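Right after this note come the structures.
Two complexes, one shared chain (chain A), two partners (chain B, chain C).
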Partner chain A sequence: MRIRDLMPLGAVALAGTAMMAGRGTRPPPAGTIGGKVTYTGTPPKMKPIDMAKEPFCARLHAAAPVLTENAVTGPGNALRWVLVYVSAGDQGSAPATQPVRLDQKGCQYIPHVLVLQPDQPLDIYNDDSTSHNIHPLARVNPEWNKSQPIGAPPIHTKWEKPEFIPVKCNVHPWMHGWHLVLAGSHYAVTGEDGAFSLQGLPPGKYTVTAWHEQFGTQSQDVTISGNEAATVNFVFKATPY
Partner chain B sequence: MRLHARLVAFVSGLGVLLSTVGATGGSTQESHIGSLTGHAAAGKKLYRRYCIGCHGPDGDGAGENAQWIDPKPRDFTLAVFKCRSTPTGTLPTDEDLFNAMTRGFVTTNMPQWLPLTGQNRADLVAYIKTFSPKWKTLKPGAPITVPPEPALTIESVLRGRQLYQKMECWKCHGPRGHADGPSAATLTDNKDLPIRPYDFSTGSRFMCGATNRDLYKIFMTGLDGTPMPSFADDIKPADGWDLVHFLRTMQPLKTPELAIWSAWLASHANELKPIGPPGSGQ
Partner chain C sequence: MGKLFAVVVTVITVVSTALFLMHTWWLPVDISAHGPAIDRQLSETMLSSGVLFVLSQLALAVFAWRYGDRHDGRPVKAFPGGATPMVVFAAVLVGAEILALTLVGAKVWAGIFQAPPDPNSLQIDVQAEQFAFYFRYPGPDGRFGATHPELINEANENYFGLDPARDTTARDDIVVPTLTIPVNRPIALTLRAKDVNHAFYVPELRIQQDFVPGLAIPLHFTATQTGKHEIVCTQLCGLGHYNMRAYIEVVSEAQFAQWLKDKAAQQ
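Let's turn to the complex of A and B:
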């Protein structure tokens, strides 16, 4: 009998002891992997987008032009829009059924990086008073291209297979985003502070991967043995071009 | 000597037999167009003679002529096709591929392949489908329903013109269909290569055919792999014919649509709002 087979027995025994002590059952051990994504070097400057060809959107951003989002940084060399996920060792979880939402608003994709799981419902909204076309440049999944004019209802769709899919609008060439379809359910996308936290990981050996659309991919191995919080940091080498 | 020749003939015959058995093993090795059944093994030989120069030995569109060609030859390994009767994001039918090969692609280097027999073209369709594993796992989409074309009226043309404005076709195709809309210059295909929108002053042929029905299917299914999206979710099936009738008026031909449109314009020109962004002239 392997250790893994004995574990449920151990859990039952533990639970029994706890109940005798009158404290109820303990949750199964679950660790956390957290950390921060930063960069060294010089990342490109995010440029203001000229939306003059789309007067509706140009007016929306008249006060402050929207900046490109392919290398967004924060204080302390933090790197934004980095996907951090468990790429190996994920022990499986129930499929995600909660719909995820993509907005086309002010001629931008919100969010810029959208993470979802296979078959998870995806709802795409056009909140603008202009037409968009949504063109996911999928390779593993089928590539499609749909128009969504002013006031059109949301597009309900899904992705069946794991794939990192660039998405663009051909009418507004500056509109660029990502649909990251992951087989596992442990993932996070960094914000302005570059921080991430992957929670609820049962004991095991994991590979944690960080992906940035311009600076590439990095992986580190982490072992979780109980309720601990492991720290993993990623440093990307940024180049201006 | 004679025995040797017989042996060779027997062995090669066995080889043909085996490859035929292999070819009938899966539907991806065959094509079915009407009463024709195409076989990939036969298509391979034809491909290596007629198609390989542009589409390449691996079907990835990287043949030795490809560097001189724009737009680039189709990459069959992606299994993404422009001219389909099926919805966007689905594989085309065998007949769609057969028809595309037969008529060629106007404004590109892909010629009409009418000189090949129907059986030849059916064989080629079967072979083209061996370049992507998607043909093994996915089925072609169900062809869209095209309602019968209603009678041509000036009201239909005018409704079509409104659709051209509302769906913002002019953003790429331009207010007069001359491919000079504000987004025309920045369009790229699914390989990030520059691509031009269709110019309606080109002539009688569209990218996927020359009939009203072909035109209807183009904007309803979209041209996958290009910036041309599907409007199936946005234009009601019956209204699609209005757009067809209007698009026909933009061609440099004596179409019935143009005749009815010109007659109406002669007395109503000042009632028209220009196509394009608010405040633009035409």
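Let's turn to the complex of A and C:
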């Protein structure tokens, strides 16, 4: 066997070595900002919503009435439905293309707080045996309202500009939600435990903002230098009215 | 052709009269104290206009049968003096009937709706909006909180724009989407519209009253039977008008007291 014959094998071996080396390369550092959102003081009562006007939905919730969602609290003074996002320092990322889904189910918007990015596809479904008329009260983006009768196909739409948009149903006044259109891609919405986690942040200085529909906005600066997990907690002052 | 017309007119007259006499599509049950007076007035209106309707339709049929063009070359007979005296006579007759019904009917209506409400009436505020009704009770303190349109916020069920943070009388106001009232107690409603014209229509209460934005319209009645009935909007108020309704629940005094207590606890 001549050296020339061995060259292809050598090339394969070299390529394999290079691939192994590539697999072993450490990924760029990505930090995490996590924490919890809580409140002090006395929040408003979560009141049962009487859906008597719409017998279909009233029957669905006959056993356990739906409660108002403008200030939802959890154990340990946790605050739900708080948007926590990187409001400054976000180094950008590829545009979001995955469709996000909003359901009108049991005469409620699910989820109550929906976060999406500009031009991200938004699919709106009517899962109820009654008509809905979704009406986002946009001011920066064009305002619209569309009727969605029983069994109507989903509405495919999108928002073009960043904006926090309150959404209501023109037929069922108690239906209320939010479309939060964010320019950045690092965000989270707190659950019942009030916890959030913003992941995959390269080293840098960030401003993290927490927004609650009733209690307002708070911001904190955080610096990430490597793979560390920084902790930021937010405490909102709640008032009963 | 004249005879065929006469037969058709007669059949329509007989069938429609029979439908009224048999009460095929009649008024729903009356659950209000003032209802009998309204029903009596409706019956008188129906009877007097019905008699005139039957007489005029049958006269039309007789004339069409007897004096229609028979296509035999003979001239068509005309009423002596031409049509003018007949038209004038009919207009005066119908006008006199409408005037009489208006005078009598207005007296009945005013006697019910323009009379002052019982001073011990239960006061309830009603707000109509696209496309729902909301009802407000003063709560245990017996006083309504002031309303501020700029504070209206559906997200926290503040449909009336109350200011509980500063106005303590507003804190116990009870706001509900169903009008629950005790039987046999005078009720005094105040109707307000948030946006456009709406109407408060409960056929069983013999009430139909418009809401007009900017006006506080008083309305009073007493329900005499327990039960649940629909309140519907009868002013075309927008795309969701078809779905604008609420319910009125007339309950016993004891049930009402308990309901009020339960609702007050939720505020």
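One rule holds in what follows: the second predicted complex is superposed on the first by the 218 of 241 C-alpha atoms of A that agree within 3 Å, B and C clash if a C-alpha of one lies under 4 Å from a C-alpha of the other, contacts with A are read in each partner's own complex, and residues count from 1 in each chain.
Assume a contact is a pair of C-beta atoms (placed from the backbone, for glycine too) under 8 Å apart; a residue touches a chain by one contact, two chains touch by 3 or more.
Remember, it's a predicted structure, so these values are computed and weren't measured experimentally.
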Look at where chain B and chain C land on chain A after superposing the complexes, then choose clash or fit. clash
If we overlay the two complexes on their shared chain A, which of chain B and chain C does A:207 touch? Say first, second, both or neither. neither
Answer with first, second, both or neither: which of chain B and chain C does A:185 touch in the superposed model? neither
A:48 in the overlay: touching chain B, chain C, both, or neither? Say first, second, both or neither. second
For A:32, is the partner it touches chain B (first), chain C (second), both, or none of the two (neither)? neither
Report for A:148: first if it touches chain B alone, second if chain C alone, otherwise both or neither. first
Is A:241 in contact with chain B, with chain C, with both, or with neither (first, second, both, neither)? second
If we overlay the two complexes on their shared chain A, which of chain B and chain C does A:176 touch? Say first, second, both or neither. second
Touched partner set for A:70, first chain B, second chain C, both or neither: second
Which one hits chain C, of these parts of chain B: 7-15, 97-105 or 169-177? 169-177
Touching both chain C and chain B, counted on chain A across the two superposed complexes: 53, 130-131, 133, 147, 170-173
Parts of chain A lying in touch with chain C, wherever the complex brings them together: 44-45, 47-53, 68-71, 130-131, 133, 147, 166, 168, 170-174, 176, 213-214, 239-241
Would you tell me which residues of chain A are touching chain B in their complex? 53-55, 130-131, 133-135, 137, 139, 142-150, 152-153, 155, 170-173
So, in the complex, the side of chain C touching chain A is made of residues 129-134, 154-157, 159, 164-165, 171, 176-178, 238-240, 243, 245-247, 266-267
Residues of chain B touching chain A in their complex? 78, 80, 88-90, 134, 138, 166-168, 171-172, 182-183, 186-188, 190, 222, 224-234, 277-278
